[in-house]
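Structures incoming, each one as structure tokens.
Okay, so chain A shows up in both of these, paired with chain B first and chain C after.
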Partner chain A sequence: MRELKTDVLVVGGGPAGLSAAASAAGAGANVLIVEGDLHLGGQLVKQSHKFFGSKEEYAGTRGFEIAKILREEIANCEDRVEIMLNTTVSGYYREERVVTAMVGEEEYLRIVPKKIVIASGAQERLIPFPNNDIPGVYGAGAVQTLMNVYGVVPGKRVLMIGAGNIGLIVSYQLMQAGVEVAAILEAMPRIGGYWVHAAKVRRLGVPILLRHSIKRAIGETVVTGAEIYELDDKFNQVGETEVVECDTICLAVGLTPTNELLWQAGCRMKYIPFLCGHVPLRDKCMRTSNEDIWMAGDVSGIEEASAAMIEGRIAGLGAAKALGFNIQDEMFGEYWVRLKNLRAGEVGEKIRAGVLNATVDGWEENA
Partner chain B sequence: MDLIDGHPVLDFSHGEKISFNFDGKTMEGFEGEPIAMALHANGVRVYRNTPEMKRPRGFFCAIGKCSSCFMVVDGVPNVRTCVTPLKRGMKVETQNGRGRVELSCDEASRS
Partner chain C sequence: MKVSAIFESGVLTEERPGAVSPPEALWKSHKGGLVIVECPQRIPCNPCNTSCPTGAITEFADINDVPAINYDKCTGCALCVARCPGLACFVADLTFGEGMALMKLPYEMLPLPTKGKTVKCLGRTGEVVCEGKVENVAEPLRDRTRVVHVSVPIDKVSDVRAIKVV
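Up next, the complex of A and B:
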């Protein structure tokens, strides 16, 4: 088996991973970025809308353009950063501190890193209903990949499940791509996403049906429609089941951290609903309970690209510092302030509580 | 191919147009883009049938995480077609059940 050695291995080339790689390489470390997909950028490459967040984190810039900026920064540290695409990290062997990866579908690889930053992002949730496995029931991310990355028409008429930011934004993007959105269903009595996004789709005439859910997908081999129903306060059905004709059912029912590697590495984990799943405990420098492993971005709790990028910078600095590179403590301080500002106010309330619950003062005292 | 044209924000730069084979039919796609996307653009929705329940499956996550899109590619089963780049002349087949891997005795003892 081929074996590679590196100072810092970064798992995942989304905004968190790219930022971590840039800051570790900037400090002098050699970095290897391993990305499972065919391109760098993670979720960013699928986002055609202008981002919210803070100015330092490119608010007002479209997602795929932010990915470009980060890719350019990485290209400028050329000799220090090596990139492997279409390569999936498949395991971490604690005793030997070896990582295994799969290049494409057939070649296996051993990677021996001194330090690791895990920035594997998030994966989509599925909700149970009969026929949810037939073709035409797609995750929102998959629909975005089809239409925003590869320019393929995902379907003719889409039923969106979930009125959080993702459901609303993807509905709008579908209409930009010329696809009809039959309706957006939301089980809760209120819209989860920002009002600006909801207003945009409403203006285009898409009904947002609150207190509604999907009963089953209709179709023998592919989706031809869906049965939907209204819910009362206790989530029981009220009234008749209705049939919606559609060829695509798009699930935007939330994300959960892609945390398998952290479990394998024996990192201490905690279930934190505000962060949307099991997340590793971390210190302020994003180090996990495994002294060789840092993490950043959605894998540490579902948040936003802006926070992912700052956490990435912090994790990259942390790993480089542990390797003995000269890093001033003020550099961390600046990023901590930016994170604090991002998470300020009412919108940041849940994230603040979640992060507080997941953060330890230091590992020595806690070991 | 069912492609988006005249997008208000995005400009799609595709790779070279090439042909490949799906279950005996010749189809067109773009070199280097995932096989699953090319199939979808050609109207193909069912990528495999599950081993036990014989249920049809298409893709679901499109990021190589869910195994919904496994197909037989150039004779190799269980290929994640959503993250495997399309190549000229590729032979892509619907996967029925688990798929078979042919191992010669030599190969089996080597691994």
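Up next, the complex of A and C:
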């Protein structure tokens, strides 16, 4: 079996992983990025909207353009960064500190890293409702991939479930692709995403029905509509069930961290609802309770890509510093300030509480 | 729906911090127009400020602040219209003449409008407010966000926030 050695293994080539790789390689470490997809960039490649944040977080730049910028930065690290695409990490063996991975469906190999940054991202949540297994029911991520990676629209008329940023942004992108959005349903009494994203779709005529949910998908072989209903404060139905005609039902009801590798590695985990699932405890440098493992991005708690990129920088620096590379402590400070600023608004309130709950002052074994 | 519920679904129902109209007297006489920003939620974002060439959108003490505008410095250049990731900046020039105003609106849809054509002008819930004539289609940042210059009756300025090409 082939065995690869590296200073820093970065699991996941999305915004967090690429940022971690760039900062670790920038500090002098050799880095191996392992990415399951056929290209780097993660969810950024599907993001056709302009990012928020400040200049440092590429504010005003479209997500797929940010992916290009990060890929160029990685390319400029010359031979210090190796990239393996179409490769999925399948396990971590604690005793030997060995990672196993599958290249395509052909080769199974061992990776022996000195340090690891896990930036495995998140997976979509789905909500159960009768008939949700017929063609036409999609996760929002799949809709974005179909449209923005492969240039295929999912249908002609979409019912969006969820008015968080993903539901709002994907609705807007559907309209850009010429698809009608029948309505956006949101079970809560207010939108979860940015108000301006909601205003963008509202002024194009899309209703956002607050306190509404889906009851069932209608259709024999494919989706032809959906039954929807209004909710009271206790999420019980009020009023009559209504029917919305649509050929696509798109679920944008949240994400949860892809954390299996961290469980395997024995990292201390905690269930933190504000971070949308089980997340590893971490110190300020994004190090887990396993002294060889750092994390960054959605796997550490669901948040915007802007924050994921800063966490990646921090984790990459942390791993490089632990390897003995010369890292000025002020560099961390600058990133901490940027993270703090990003999280200071009203939408960041839950993130702040969640991160506080997941952060430890320091790990005893390092003391 | 109650007014607060309408606001919570993304529709501005009244002026609030981050979403105020320019001062009327200055607005009526200012050639080139003044910016209208509708960004009433504290989110971490400041490209309106960093893209403003005159400092009319004042510097943010905290990046989560809602935009504050010094209208004396605004030239109506609409760079913020092109740059704002939330498509929350608009410009209205009330000096266009003959009861008409020139609005500069962000546009990221297809088909593209063409100069001289008539388009539908939409309000904050997508309702058709009036028709407007396309006076210019600019792409200031060459990033596919167009700034469409459209002339509308002056009394529709407070309602028109988007166009639909028909």
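In this text, the second predicted complex is superposed on the first by the 362 of 367 C-alpha atoms of A that agree within 3 Å, B and C clash if a C-alpha of one lies under 4 Å from a C-alpha of the other, contacts with A are read in each partner's own complex, and residues count from 1 in each chain.
Methods note: a residue touches a chain if its C-beta (ideal position, glycine included) is under 8 Å from a C-beta of that chain, and two chains touch if they have at least 3 such contacts.
The model shown is predicted, which means the values in this text are computed figures rather than measured ones.
> Classify the contacts of A:38 with the two partner chains as first (chain B alone), second (chain C alone), both, or neither.
first
> Looking at the overlay, what does A:147 touch: chain B (first), chain C (second), both, or neither?
A:147 contacts chain B only, not chain C.
> Just checking: does A:344 make contact with chain B only, chain C only, both, or neither of them? Give me first, second, both or neither.
second
> Of the two partner chains, chain B (first) and chain C (second), which one does A:88 touch, if any: first, second, both, or neither?
Only chain B is touched by A:88; chain C is not.
> So, does A:205 touch the first partner chain B, the second partner chain C, both, or neither?
second
> Is A:190 in contact with chain B, with chain C, with both, or with neither (first, second, both, neither)?
second
> Figure out whether A:176 sits in contact with chain B (first) or chain C (second), or with both, or with neither.
So A:176 meets both chain B and chain C here.
> A:124 contacts which: chain B (first), chain C (second), both, neither?
first
> After lining up the shared chain so the two structures overlap, which partner does A:323 touch, if you call chain B first and chain C second: first, second, both or neither?
A:323 contacts neither chain B nor chain C.
> So which bits of chain A does chain B touch that chain C touches too?
On chain A, the residues that contact chain B in one structure and chain C in the other are 62, 176, 178.
> Which residues of chain A touch chain B once you look at their complex with the stated criterion?
Contacts found on chain A: 36-38, 48, 62, 64, 86, 88, 104-106, 123-124, 133-139, 141-142, 145-148, 150-154, 176-178, 221-222, 258.
> Show me the residue ranges of chain C that touch chain A in the complex, using the header's touch definition.
Going through chain C, the ones touching chain A are 1, 5, 8-12, 38-47, 50-51, 62-64, 83-88, 108-110, 122-127, 143, 145, 161-162, 164.
> Flag every residue of chain B that touches chain A in the complex, lowest number first.
1-4, 6-10, 12, 14, 30, 32-34, 37, 40-41, 45-47, 55-65, 68, 76, 78-80, 82-85
> Write out the stretch or stretches of chain A touching chain C in their complex.
The contact residues of chain A facing chain C are 49-55, 59-60, 62, 163, 175-176, 178, 186, 189-191, 194-210, 306, 341-348.
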